[in-house]
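Chain IDs A, B and C follow the sequence of writing; residue 1 opens each chain.
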Amino acid sequence: MIRFVDVKKTYLNGVQALKGINLEIHDGEFVAIIGLSGAGKSTLLRSINKMIDITEGELYIDDVEISSIKGKELRMLRRSIGMIFQSFNLVRRMSVFNNVISGRVAYHSTFKTLIGRFPAQEKILALESLEAMGILDKAFARADQLSGGQQQRVALARALTQQPKLILADEPVASLDPITTIQVMDDFAKINKEFGITIIANMHHVDLALKYANRIIGVKDGLVVFDGKSTDITEDILVNIYGRTLKHDEVLGE
Amino acid sequence: MTNVQQTYLKIPKRWKINLIFSIAMLVALIYSFAGSEINILRLSSVFYSFKYMILAYTKINWDLVLGMGIYPFSDGVVYMALETLAMAFFGTLLGGILAIPLGFLSSETVGGKTGSRIGSAVLVLIRVFPEIILAVVLLKGFGINSMTCVMAIGIHSVGMLGKLFAEAIDNMDKLPLEALDAVGANRWQKIRFGILPQIAADFSSVTLYRLDINVRSASVLGIVAAGGFGAMLSYASAPENQSVLAALMVVIVPMILIMDAISGYLRGKLI
Amino acid sequence: MTRFTLTSGKVIVKPFNKIWIVLFVILIIVVVLGQYIYFPEYLTLAEIWPFLKKMFSPRNDIFGHRTWGDYFNYIFTIIPYYLLKTIKMSIGGTVIGSAIALPFSVLAAKNVFKNKWITSPFRFIMNIIRTIPAAVMVIVAVFIVGTGNLAGIIGFSLFSFGIMAKMLYEVIETSDMNSFEALESTGANKTQAFRYALLPQIFPIFISYLIYVFEINIRASALLAFVGVESIGSIIQVGLDGGDFDYIGGVVIVLTFVIIIIQLFSNWIRGKLQ
C-alpha cells in the first residue's frame, strides 16, 4: 500500500510541482494518472521510488516512511519497484537477455555482479519473464534490432525479473504507434491480473487510461482534482482536469 | 523440454570470453614486466627519492626559470617555453597550409576515386613515421636547431590534418554542391562557394586541436634536434639534476594547461 | 564594411568579414613568435638525399664495411631485441594506465556524479597529468626507480592514464544515460549501474582507444633512449653518434611495419566490435 500525506515538491528553480498530495493506493490496483503535461504527473510517479526526492510531507510504502531512507535501504526499496520509461531505457547494444537479467543486479553484491554471472534460477526467471511477454524468441538479439513495442516489452520483462510488487510506468506508450500501444497495454493488464502486481501509469491517452485502468487519478497544477473509478469519469470531469476539451492527440481513437 | 529450458541452454557463455580476455590482459601485463631489472635496493629508497623530488620543487632556481641574474634571458626556461610555442605554432601553420590541398585531393567529394586513393596513400605514408624519425632525417638538411623541429612537426601534421580535413569534406552537406552545379559553377568555384564556407569551422577546430598535440611534441622533440626544452631535458634526465627538472616542470605544466584552455575556448567558439 | 546601393535606391551594408581579424591575429603571432625561431643561414637540403641513401643501404666506408646480408641480419636479429623491450614497456604502460583511467574517468564524469565536489578533484588530477609529455614522465620515473624497463612502464602508465582518462570521460559524458537511470531504478548502486548500463556502451570504444594509446606509446618510446631508458631509440641514438645510419634505416623499416600492423589490427577489431 502506498500512502501520500500532504506531499509537496519544489524544484531548485522554484517550480512547485506537487502542492500537497494526499492519496492511498492499494495492492493490486491498476491506476492511471492523467493530466496536462507539466501538471506534476511525472514528479508524482517518480517520488514513489525516490527517483525524485519530495521536499515536504510523508510518503509511506507498506507503512514505511520513505522520504528519509537512503543507501542500501533505498536500493532495497527500488528493487521491489519496477519502472517503465517512455523511451524504454534499454542498453541498446546489449542482448535482450542481458538487458532483462540486469533487473537482478540489486539482489547481489557489487563484486559478484561485476563478473556478470547470475544463478541458474535467475536466468530461468529472466527467460520466463520474456516468455510471459511473448518475446522469448528474441532473447539473444541485440536490443536495438527490436521494434519499439518489442523494446518496451523487454523493459517490462526486465521489471518482472525484479519480482516487484509494484510497477511504475512513466508514459509507457507515448512513443509507440497505435497498434503496438494496444499490445503493450494488454501486457500491462496481464501483469496486473496474472501476477497481481500493482500498476501506476502516467497516461497521455485518456481513452486508453479509461479502458485499462480501474482507477483514475486526475492531476492539475500539482494537486489531485479527481480520484475515482474509471467508470465514473464524465466529460465534465475531464474538462475540469484539462481545463479544456481534449485535444486530438490525447485520445488514441480506435 | 519447454521453450524456456531450450532457450536456457542457448545462453551464450559470455563470462568465458570475458575470462579469456582478462587472462590475456593479465598475461600481457606480466610479460611486460618480465626481465624488468627490479633493483630491491633501489625500490627501498623510493620513499627518499620521492622526498628528494618533492624537495626539489621547494628549491627552484627562479633565476634559471626566468632567465635573470647570471643567466641571460635566452638561457632561461621561459625563453625555452616561448621557443617551444613558436616551434609548435609554425609547425602547425606549415602542416595546416600544406594539408589543405592534400585534404581536398584525398576527399572523394573533390578528388574523386583516383584522387582520394593517391592522396590517402600519401597521407598514410607521412603519418606512419614518428616525428623523431622525421627529425633525425631533417637534421641533415636544417642543422641542429629549432627549424628542424618545425619541419618535423609540420610534415607529421600534414599527415594527421590531411586525413581529418578529407573526412570533414566527405561528411559535409553535399546539397549546396548540387545547387552550384545547377548554376554552372566550375570545380574551383564549387570549392570556394560550396565547400570552404562549410568546412572552415571544422578545419580550424581540427587545426587548433593539432596545435595542442604539437605543443606537447615540441616540448620533447628538442631532445633529439635541439630547440625548446630539449637540451635541458637531456640534462635533467640525470638523477642528480632534479632541481633542473623541477624548474622545467613549473613552466611546462602551466604552459600546456594554458594552451589547452585557450584552444578549448576557441574551439568552443567555433561550434 | 562595404555599402551597396541597389537600383531601387535601397542601401545594404555588408558586415566586416571576421576572417580578416583571424588572419590579422595569426600575422601578429607569426611576428611575435617568429623571433624565437632559428632560421638557418644556409640550408643543406642536398644532404638529405645521400643521408636517406645511407639509411637504407649497408654502411660502406672506412669505419664499417657491411653487406646487404649484414643489413637484413641486423633487422631480423638485433632490432627485434630492442623492439621487444619497447613493446613490453608500451603494453605494460597501456594496460596499467588504462585500467586506472577507467574508474577515474567515471568519477570525473558529470553525468554520473552530479556533485561537483566529486568530479572536480579528479578532473584536476587528470588535467595536470595529461600535460606532462611521455619523455618527461619517464625522466621522473627513472629518478624514482632507476633506469630500466620498470621506469619505462611507470612513465608510460602515467602517460597512458592521462590520454585515456580524458578520452574516456568525454565518451562517458556523451553516453546514453537513460539505461543508467533504469538500472538505478531497479535498485542497482552506481558501480552496478555503470557495469550494466555504461560499460556495454563504452567497451568497444575503450578497446579501440586501448590500441590507439598503445600506438602512441610505441611512437613515443623512440625518445626514451635519449633520457636513459633502453628502447628502440637506443639504436637511433647510437647510430647518430657512430655514423651507423644504416641501423637507423633498419629501425625506420621495422617501426613502419609495426605501426602499419597496429593500424590494420585496430581497423579489424573496430569492424568486429561494431
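Just so it is clear, contacts are C-beta pairs under 8 Å (C-beta built on N, C-alpha and C of every residue); 3 or more make two chains touch, one makes a residue touch a chain.
A quick note: this is a predicted structure, and the numbers were derived from the prediction, not measured.
Viewed as a contact network, the protein chains are fully connected, with every chain touching every other.
The interface with the greater number of C-beta contacts, when A-B is set against B-C, is B-C.
Separating the CA-averaged centres of chain A and chain B is a span of 49 Å. Each chain gets one centre point, the mean of its Cα atoms, and the points for chain B and chain C are 6 Å apart. Among all residues of chain B, none touch two or more other chains. Shown for chain A are the residues that touch two or more other chains, namely 98, 116. Note for the complex: chain B touches chain C at residues 25, 28-29, 31-39, 42-43, 46, 49-50, 53, 79, 82-83, 85-87, 89-90, 93, 128-133, 136-138, 140-143, 145-147, 150, 216-217, 219-220, 223-224, 227, 233-234, 236-239, 242, 245, 248-249, 252-253, 256-257, 260.
Chain C contributes residues 26, 29-30, 33-34, 36-40, 43-48, 51-52, 55, 88-89, 91-92, 95-96, 127-128, 131-136, 139-140, 142-146, 148-150, 153, 219-220, 222-223, 226-228, 233, 236, 240, 248, 251-252, 255-256, 259-260 to its touches with chain B in the complex. Touching chain B in their complex are the following residues of chain A: 95, 97-98, 115-117, 120, 123-124, 127-128, 130-131, 136, 139-140. Taken together, the chain A residues at the contact with chain C in this complex read 49, 51, 74-83, 85, 87-94, 98, 102-103, 105-106, 110, 113-114, 116, 155, 158-159, 162. By the touch criterion stated above, chain B contacts chain A in their complex at residues 3-5, 7-8, 10-12, 14-15, 18.
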